[in-house]
Amino acid sequence: MMETMEIKPQEIIDIPNIRDVDVSELLDRVKKAADEKRRFVTMTALDRGDHFEVLYHFDRDLHLEHLRVRVPKGRSLPSISSVYLAAFLVENEIKELFGLEITDIAIDYQNHLYLIEGVEPAPMAKDKPLE
Amino acid sequence: MNILQKSRAKSPWILHYDAGACNGCDIEILACLTPVYDIERFGMVNVGNPKHADVLLVTGTCNKRSARVLKNLYDQMPDPKVVVAVGACALSGGIFHECYNVLQGVDGTVPVDVYVPGCAPRPEAIMEGVMMALEKMNKR
Amino acid sequence: MINNVLSNLFSKPATRNFPAKTREIAENVRGSVEFNTENCVYCGACALKCPANAIEVDRPAKKVTFDLYKCVACACCAEACRKGCIQMAKQYAHPSYRKMDVVFQGAPLLTDENGET
Amino acid sequence: MEIINIFFVIVIAPVIGGLLFGLDRKLTARLQKRMGPPILQPFYDLFKLFGKGRIASNQFQLISVSVYIACTILSLILLATGQDLLVLLFVLALGHIMLILGGFSVRSPYSQIGSQREILQLMAYEPLLVFMVIGTYLKTGSFLVSNLMTGSYKPLLISLPAFLLTQIIVMAIKLHKSPFDISASHHAHQELVRGIYTEFSGAQLALIEMAHWYELILLMGFIALLWQTNLVIGGLIAFACFLAVILLDNISARLTWKWMIRFAWSFGVGISVANLAAIYILR
Amino acid sequence: MSNLIYYVPLSIILVALILAPLVFAFVISIVRSDYLRSLIIIMIAAVLAISSLILFARVTITHQIIHYAPGLIDWNLLVTIADFGLMAMFIRMGVRRKSALILVFAVIQTIILAWVEFGPKHTEMAYPPIFIDWLSIVMTLIVSIVGSVVAIYSLPYMREHERHQNLTISKQPQFFRTLLLFLGAMNGMVLSGNLLWIYFFWEITTLCSFCLISHDETEESLRNATRALWMNMVGGVGFITGIALIQFNKLPMDASRLLELVRTGNEAHIIALLILPMACLCFAGFTKAAQMPFQSWLLGAMVAPTPVSALLHSSTMVKAGVYLIIRFAPIFRHTALSEMVAIVGAFSFITGAMLAIGQSNAKKVLAYSTISNLGLIIACAGLNTPLALAAAVMLIIFHAVSKGLLFMATGVVDQSIHSKDIEDMQGLWARMPLTSLIMVIGILSMLLPPFGVLIAKLAAIESSIQNPLVMVMLVIGSTLTVVFWTKWMGRMLATNPQADGRKRENLPALYAGTLAFLACGAVILSLFIKPILENLVLPAVANYYNVAGMEMTPTVLSAPWLMIFLVIALSVLAPTFFNHLRSSQIKPAYLCGEQISSRAATAQFLTVADGTAEMTVRSYYFEKVTDESFHVKWVTIVATLLIVILFGAVYLWK
Amino acid sequence: MSNRTVIPFGPQHPVLPEPIQLKLELQDETVVSAVPHIGYVHRGIEKAAERMEYTQNVFLVERVCGICSFIHALCYCQGIEQLQNIEAPPRAKYLRVIWSELHRLHSHHLWLGLFADAFGYESLFMQFWRNREMLMDIFDKTAGSRVIISTCAIGGTRRDISDAHLQEILDTLDEVNKQLDKSIPVILNDYSVRKRTVGIGKITREQALELGAAGPVLRANGVAQDMRQLGYAAYGELGFEPVTENDGDCYARAKVRARECYQSVDLVRKAIRQLPDGEILTKPKGRPKGRVISRVEQPRGELLYFLAADGTNRLDRLRIRTPTFANVPPLVAMLPGCELADVPVIVLSIDPCISCTER
């Protein structure tokens, strides 16, 4: 999976304004974004084989800016819902659909946001069948 | 047709449950209520409460969570009752029938009496479906 | 509002009196899929394009199975078929008491879910 | 004579009531630019409901409905046979309270909250009715309908104009019409589903429906009393009030119980008391 | 039979009604055996009930008011001595409870009493001190029958009550001593015509009330008892002041003479002299009947064991206040005082009902409702027409039965579910079918046709038409009343959808017996309201105003009550017995499709994160609108003002 | 006295056209807390989009929601076009605007009706829905279907609108405008409606931004943010000012949408007037590769698609962030403190679309 994505930077169309951050400094960066009155738009998680790539999208006057963290599988990510309450829903979603552990979500649905007991967990992970 | 059967045919009260639709079917059902289609002409009212309903209109890809609700609602309806499945999703899952959270059609959850195909079915088709269901109910 | 309701009261209702009167269906409406299998070469293009996987083409058995109850009436198959075997009829598909597949094998047959006629 | 009256009440009243409700639905539809159901629709609904399989949550529901309809008919009989109006009002209230208790008796959120609100509805209209009765007493010196009808007074409406208004309010509240469809509405599009009626079904619901028909006649009877010298005119006034309530239903949103209480107790009680005061002063 | 009744000497009846309880009060205070105690109580109860019935029969047959002078010793002297003894006791209690208020009022009372007793005596007693008319009979019947029932009910109740407290020494002897003392005093009060005697017994009931409220000797009960005592002593001061004024005006000191004077003598002149003392007596009545602004003592009294609430604080003792006002009502007819009494009563009626809406504690609801109903009775007394008085007397009767019943049932429920909170009574219908049935009957009998309280209320409304202000308050007040009663019933009836296997309730025989007795009483009395009115109430009133009985029959009574009764009974019984739900027809309640079908009996639903939650609907208490402390504040202020106005009006009227 | 009323509100509930549950805790009738419980319509479209061919996905994303389906397709197609580096022909861009705005118009009509229904104004509901049928007829005639019109395609549109139909649209719009003049004043000025909306469900501008509100909910708090300002399709050429209001309550939200109805009518008229002739479809070239974010304005607010493609005929990841998804947290903040009777009004005021939210 990683190989296919390894296209040279200049060849691919990619999203501008991405800033990579480490998991440990994530909350500080998010707080800064909040202080600068950025509107939290959403998060996107991607399953990149051995790790999850999580993008935080912020908007300011119609311009998007993004933070990116990479979380190795098996590790957890702190919730930003203490800063942006708005994130609780999408964090629950990512937690449930990707199986990425997100800790301390303001309203935690315990992996039962969309799916009920008995449905295969983490269906969005790449190792799950497509149908 | 005795008076009871006639009354039944003339006063179908509808319960609509969206078991996971994209809204397409739902707004068409709502459109049936509006002045242009006005199903109240046939005495149909959307009662929104299983205990009063005669006809259960189900739309949408039943997923596992809504299946349990659907079942509960069906159980709470008094006899005689009929179920009309509306839209491709409710019939088979439609375009979503291979998705992970989707059951292929509501007939696995509740017994369906009439199938209304389409995505979304037109209000005319839905009305036709309900009337067919009533006929079936009165034949039972 | 009082003006509105009173003017409603004294004007004709907006109701289209279905089924007593059916409405004329507009041009180009994507009502339901209609097969005309005479020219079919069982190429499978329709099945490939169908987003709902409502069509199955069994080339060796020369059989096209169409599941009306999966079809979302998008007209992709009609666009895909180069033989002009598939058209979108204006009339919507009527409700039914049972789920049935439509199978085309030479002449169209109706079978139910188990494949029995 | 009594017997004829009682017969009329038991048999003819619901027929008229049902037709009026049918008219209500037709008229509402037309006000909304729809064709609407046939006039006989309430009867179809009723017969169908009687034919439904019975489901209920407890035995008490059955009792409550039975007392409700019995009391409603009884109060109509009391009216038709010229009895005491105050007694009539409280017999009516007994039925209503039993219905409320029936709603309470099921552990369903909507029926219970509906019942709580129904109490408030009762609270909102009860004084208005009592004040009207007192008004008639002040003018005629009697609570007895029979005295009211036989005495030679000018039509009460002339001296009790405020009560026509309050009776419209009472009718709107009792029939659950906007803006007073707070505890239950005729169309289940409100936060409480069908409110207090949520848990009644089948024959129980049919009986409640029928009780409403009686109730409508009763309320119209009250209004007709305001023109007791000529009941035809009285009936026409009552019918006009009924039409006014339907129109009101279609030109207003549902308001909240707080508003209802405030309105009924400030405006309704206000004009009632003002009217009574006028009579006291002019006496 | 009738002869037999006639030949029972009056003295024996009086001894049985007044002295026997007093004497046995001392006997029982030394009896330690449960069995013996029960025996005594049941015996006394029987004696009381029978004697009161005999007295009733006797007066019914002879159609005569009884004046009777007890012989043997100088009872007047005894009363005087005992009066001072009582005062000494109050003073001691004031010291013990370190309550300046009690002390002050006790000392004031003592001084005035001393003046009355030893000051210049101008009048001779016109009639002997015992004075029995219909009103007394009504009261005696209530005291002796309802009181006896409550006393019997207390036997199992107090046993259970003490079991919970883990007492080493039972305090039941004191309890029953005070109870009997109270019954005797109460009978004494209603059977006396001499104001000083009435005052004496009145003060005994105050004392009993104090002892019983503080019975549990908790911090709270002592505090509330103290409050009850000083407030009642305020009333006592009013009472004795009234007496002193009468004496000062050189008027006779006994009720029947006073009434006679007003009826026959130079009325305007006498009334002018009497009006201030009457205002004082009414004031005393207000305090005893816990009218606003004195409601707080009755609320506080609810800490007492429930039989106490049932007996003293709802059905009998508080009625003493009402009794006093009714007793003298004809005297101040057509005066400003009368109007003001009506307004004060109506005010308590409406505010009591309003405050009850905000309460979830069953006993508090009952207390406020009691205040409200007493207010209604007082309002009737203030309206002061024969019809209003008839309504008042009917209310006294029916309220005593129904309210006593409700308190008792609440006590039973409390002992079973260990809560007095109405919210906790959710689904009681399934858990305690018998008790809740009785409770529902009790509530219905307070509220709706065809029960007596309502009929009386209608009569009250009818008679209030002459006084528009009171009329408006009564109409609105009765509407408010509906709210809290209905909420309460609704809570009890809210059963679980599939709690099908209704439990049989094991109610101790004494509970079941007493509850059932009163419940049947409520129904039967209502059923026979017409004879009761004609034989008991109308004479009581007729004789008062010198009018013929029929003139004051409220028109409500002309309604076809029997038919109404039958129709309602039929509509209740038919579905109860002939239309049973099959268990397959029982479906769980609608919970938006998320009910847990398999556990339908619990009204649980699936919710956030597929967890479960219990559906609960709490009754509305309108906290924001009915904040008790806020309303009590303004109610107290307004009520105080009303009373000031009352005295002002009396002063001006002169 | 402290125990509270706990009741479920949904999933099946007549005021909620779609299944969602609010677990409500009440004190008397005042909401103390409201927690949403969703997942009744989750289908897993994002995963399905990885399975289907990217061309088929157009039909899939259309069915995210039947109310705003065209704009979903539009957003998706614009994303793919960006990845493939193609541009739709000008006529197609104008057609897209026409259909988008008609969608907005029908969606707002639908909402206005449901909103009226939420406070029990049945005749008003009927009025809006009756008018909405005129728009449905336009879809029926121009696109061949009433609800899911399937006219957007990668590189342009699948259908053209004939001149006769254009004229018909203009005529219909005149009628729509006339009807709006009759019914909008009711929503805005009627005594009973104002009683139920003014000051209800209020949030502040700060809260709206912090909680990530989108669309009319955000604009009702005075934030002039509308994705159409980005100038996608032909919006750049039509001149466009976002509608804003300042009060942040249900009334303000209704007002924003009411004014947007007029705005949409104007935009469609303008687009038809300026509609250029020419092609309607650019042939796509190559398979998509790379990652883009595509944003458009839905009736309910900002819609964001994140597309990642790796050069095959399937997408690697499709992320859909719908406006209702963004408006749920503000909703959770609006509810506490309101009356039970206001719950439907407040819930409706964000114009919830659960099928969009859960995908």
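Going by the order they are written in, the chains are A, B, C, D, E and F; count residues from 1 in each one.
In this section, a residue touches a chain if its C-beta (ideal position, glycine included) is under 8 Å from a C-beta of that chain, and two chains touch if they have at least 3 such contacts.
What you see is a predicted model, and the numbers here were worked out from it, not measured in a lab.
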Chains touching both chain C and chain E, listed by label: B, D, F
Intersection of the contact lists for chain A and chain F: B, E
Chain closest to the middle [Cα centroid of all protein chains]: D
Top-ranked pair of chains - ranking by C-beta pairs in contact: D-E
Identity of the chain that, by mean CA position, is farthest from chain E: C
Mean-CA-position distance for chain B and chain A (Å): 39
Euclidean distance of C-alpha centroids - chain B vs chain D, Å: 34
Where chain B and chain F are represented by their mean Cα positions, the distance between them in whole Å: 26
Centre-to-centre distance between chain C and chain B (centres being mean Cα positions), rounded to whole Å: 20
Multi-partner residues of chain E (each touching 2 or more other chains): 587-588, 590-594, 608-610, 615, 617, 620
Interface hub residues of chain C, defined as touching at least two other chains: 1, 5, 13-15, 17, 51-52, 72-74
Shared-contact residues (touching 2 or more other chains) in chain B: 17, 35-36, 38, 41, 46-51, 65, 68-69, 73, 76, 94-95, 98-101, 119, 122
Which chain pairs touch, all of them: A-B, A-E, A-F, B-C, B-D, B-E, B-F, C-D, C-F, D-E, D-F, E-F
Complex interface listing, chain C residues touching chain D: 1-2, 5-6, 8-9, 11, 13-15, 17
Chain C residues within the chain B interface of the complex: 13-19, 22-23, 32, 51-53, 67-74, 92-99
Sites on chain F touched by chain E in the complex: 1, 3-13, 21, 23, 26-30, 35-37
Chain F residues within the chain A interface of the complex: 35, 38-39, 42, 44, 46-47, 50-51, 82-83, 85, 209-212, 225, 227, 229-230, 289-293, 295, 302, 304, 306, 308, 310-311, 316-317, 319, 321, 325-326, 328-330, 332-333, 358
Contact set on chain D toward chain C in their complex: 27, 29-36, 247, 250-252
